[in-house]
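Working notes, beginning with the structure itself.
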Amino acid sequence: MKFAIQINEGPYQHQSADSAYQFAKAALEKGHEIFRIFFYHDGVNNGTRLTTPPQDDRHITNRWVELAEKYDLDLVVCVAAAQRRGIADADEAKRNGKDADNIAPKFRISGLGQLIEAGIQSDRLVVFGD
Amino acid sequence: MSETKKFLYLNRKAPYGTIYALESLEVVLIGAAFEQDVSLAFVDDGVFQLTKGQNTKGIGMKDFSPTYRALGDYDVNKLYVEKESLEERGLSLDDLMPLTYEDEDDDYAEKDSIRVVSRAEMAQIMDEQDVILSF
Amino acid sequence: MSILHIVNKSPFERNSLASCLGHALDGSSVLLFEDGVYGAIKGTSFSDTLGAAMASRSVYVLGPDLAARGIDESKLVDGVKVVDYAGFVDLSAESDKVQSWL
Amino acid sequence: MSILHIVNKSPFERNSLASCLGHALDGSSVLLFEDGVYGAIKGTSFSDTLGAAMASRSVYVLGPDLAARGIDESKLVDGVKVVDYAGFVDLSAESDKVQSWL
Amino acid sequence: MSETKKFLYLNRKAPYGTIYALESLEVVLIGAAFEQDVSLAFVDDGVFQLTKGQNTKGIGMKDFSPTYRALGDYDVNKLYVEKESLEERGLSLDDLMPLTYEDEDDDYAEKDSIRVVSRAEMAQIMDEQDVILSF
Amino acid sequence: MKFAIQINEGPYQHQSADSAYQFAKAALEKGHEIFRIFFYHDGVNNGTRLTTPPQDDRHITNRWVELAEKYDLDLVVCVAAAQRRGIADADEAKRNGKDADNIAPKFRISGLGQLIEAGIQSDRLVVFGD
């Protein structure tokens, strides 16, 4: 079965990003497909490569990156939400006159149409948030 | 993408305190281009999104309430508002913005987009959907 | 010692305001702001609770948040006072401390 | 059409679970996870509401979230079933859609 | 900074669902070095922070509940837990971790750090503080 | 009178950062002093210079920067919260082996002791959050 996942909250503050990860991992291990994971609202903050959590804590961003590498996942960050919150890739940084970018590998920035498409193309959309 | 799905946007949060109401509208507008069967549900504090007379000058935030009036132009004209949610909050239909659309199947007659439904009817509406986006 | 209690959550969504009123001593003040302003509307499922609490406490509501949400002052529970951000600052200064109900 | 309703908020803090149960049709399923698992404890101010809803609906709770919060399964309202993340996935696949009560 | 103030850490949220419980503990531990008069209040869902038997292995998050047992060593030994909040949640003192400290004014006798108080008493405790940090 | 302000939420998602700003501005305009503004939890996300909100929306980070410049405010970002969420200055980035930093001007990263100190040194601490 084809799942799509939407994540509305950033890492560490709420459990949403953790629950979404555990759900995605369990679905993939059961042989399901994940069409797309869409990071929306504060969820875009999952996609920064600048995080350095404590040694004894989980590394939420790296966990996404590793899962995406293992299963070739499509991790999409909402562009409008990302602009409001300071998540940028090299192109976005250049376009907006910023001197740095911070997006993590395997994440890509795109529009809300990607969320609608995920709703259309997948069998189930599961939303994790606050 | 020839398949048409029934999309429900479930709005349960008040506006301005959090960004969800604004973002829900954003998705609805973008989603209109995908020609799906779109409905909006306003339940619990979500009914506050539709109050008339919103004026955000004093809080320095953008007033996005006029956007609801544009929905009809995007063929988004099923706005289900829960009666019980209104009543618990001391609201009636008169407190909400009048929202209308032109029905192209009925000689472009102007019709109300807001449809006040009971909680039981709302539960049925949810049940009939293919995809539910929660805000 | 007097407390200014501040509440920014809707009483229909969260228990913050109910809990606040359960802990606000007689003579204390309560300021409703952000989505908390919905707690000051009359004729709701919450307004009796607020009215009862007001017998011995002062309740304020932040005007700019009211206006943003399209709530006319005529819709407020009797006795609720409207203040602006400067009034919020004054209430904070006049109280001995400010307690947030998050 | 069957819905899996998922609720991640404590019923003592928010209205999400109460609203969910008010909209979950007979025969539908409800999964409690994250802070939502507190809604499945027996002997609370909420357990009667949950018990009544369970007469015609299936209620599940996510075991890992229960364990994290130190709630023994013996403390649950009778009839609540415990699942793990794989079970969460199965419930999602078996239902026609998943509805989040955020 | 010779002044001593009464600091209250107000905990109203459940653990793990949000980070507030963990962060509250962090501030308490850092704050202990400032030699203020520190109290912790557990109200509403905050009482869930103290349940015994927490095991976070299945959710992949750090179990920070053992830290509560270290508070006594930092001279943080006034943990006020609201009776009504416990009862509404089907909890009693037996469901909570036993937390103790050694009272240096009483020949280092081991005493309970958790003090169950009524809502009315909790309101008084709040009233006596100089600074209230809400989580 | 001397105020201290604590902000627990990031920009745009919750109104907290807006309310805190309006409160701070009103206090300063009335002649009060603000000892410190402490950005905690997701509040640290107020302090990134990479944000590009829509033209017709307020720029929350720049608003803080301008207020800080006008009144010489002390804007402190909690270091542990910042590390978890990917907010870094040049020193932090270097220490943690990151190739970029993103902190906005006028913000500084420091420890939780700064919050306690704010509670001790100010007459009123006001907490804005979710």
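Letters are used for the chains, namely A, B, C, D, E and F, taken in the order the chains are written, and counting of residues starts over at 1 for each.
We adopt the following convention: a residue touches a chain if its C-beta (ideal position, glycine included) is under 8 Å from a C-beta of that chain, and two chains touch if they have at least 3 such contacts.
All values reported here derive from a predicted model rather than from experimental measurement.
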- Task: Identify the chains in contact with chain D as well as chain E, in label order.
- Result: A, C
- Note on the structure: Computed over C-alpha atoms, the centroid farthest from that of chain D is that of chain F
- Comparing B-D with C-F, the one with more C-beta contacts is C-F
- Note on the structure: Greatest Cα-centre separation from chain A belongs to chain C
- Chain-centre distance (mean CA atoms) for chain A and chain B, in whole Å, is 27
- Provide the C-alpha centroid distance between chain A and chain F, rounded to the nearest whole angstrom. 25
- Task: Could you give the separation in Å between the centres of chain C and chain D, each centre being the mean of its C-alpha atoms?
- Result: 33
- Query: Roughly how many whole angstrom separate the Cα centroids of chain B and chain F?
  - Reply: 35
- Task: Identify all positions of chain E at which a residue touches two or more other chains, and write them in rising order.
- Result: 13, 16-20, 44, 59, 61, 131-132, 134
- Message: Two-or-more-chain contact residues of chain C, please, as numbers and ranges.
- Response: 8, 12-13, 15, 34-35, 64, 84, 97-98, 100, 102
- Junction residues of chain A - those touching two or more other chains: 12-13, 15, 19, 22, 41, 57, 80, 125, 127, 129-130
- Item | All chain pairs that touch each other | A-B, A-D, A-E, A-F, B-C, B-D, B-F, C-D, C-E, C-F, D-E, E-F
- Residue set of chain D touching chain E in the complex reads 8-10, 12-13, 34-35, 38, 41-45, 47, 63-65, 67-72, 75, 84
- Item | Of chain B, residues touching chain C in the complex | 13-18, 44-45, 48, 51-59, 61, 63, 65, 88-90, 95
- Provide the residue numbers of chain F that touch chain B in the complex, in ascending order. 12-15, 18-19, 21-22, 56-58
- How about chain B: which of its residues touch chain F in the complex? 16-19, 59-62
- chain D residues touching chain A in their complex are 6, 8, 33-35, 64, 84-86, 88-90, 92-93, 95, 97-98, 100, 102
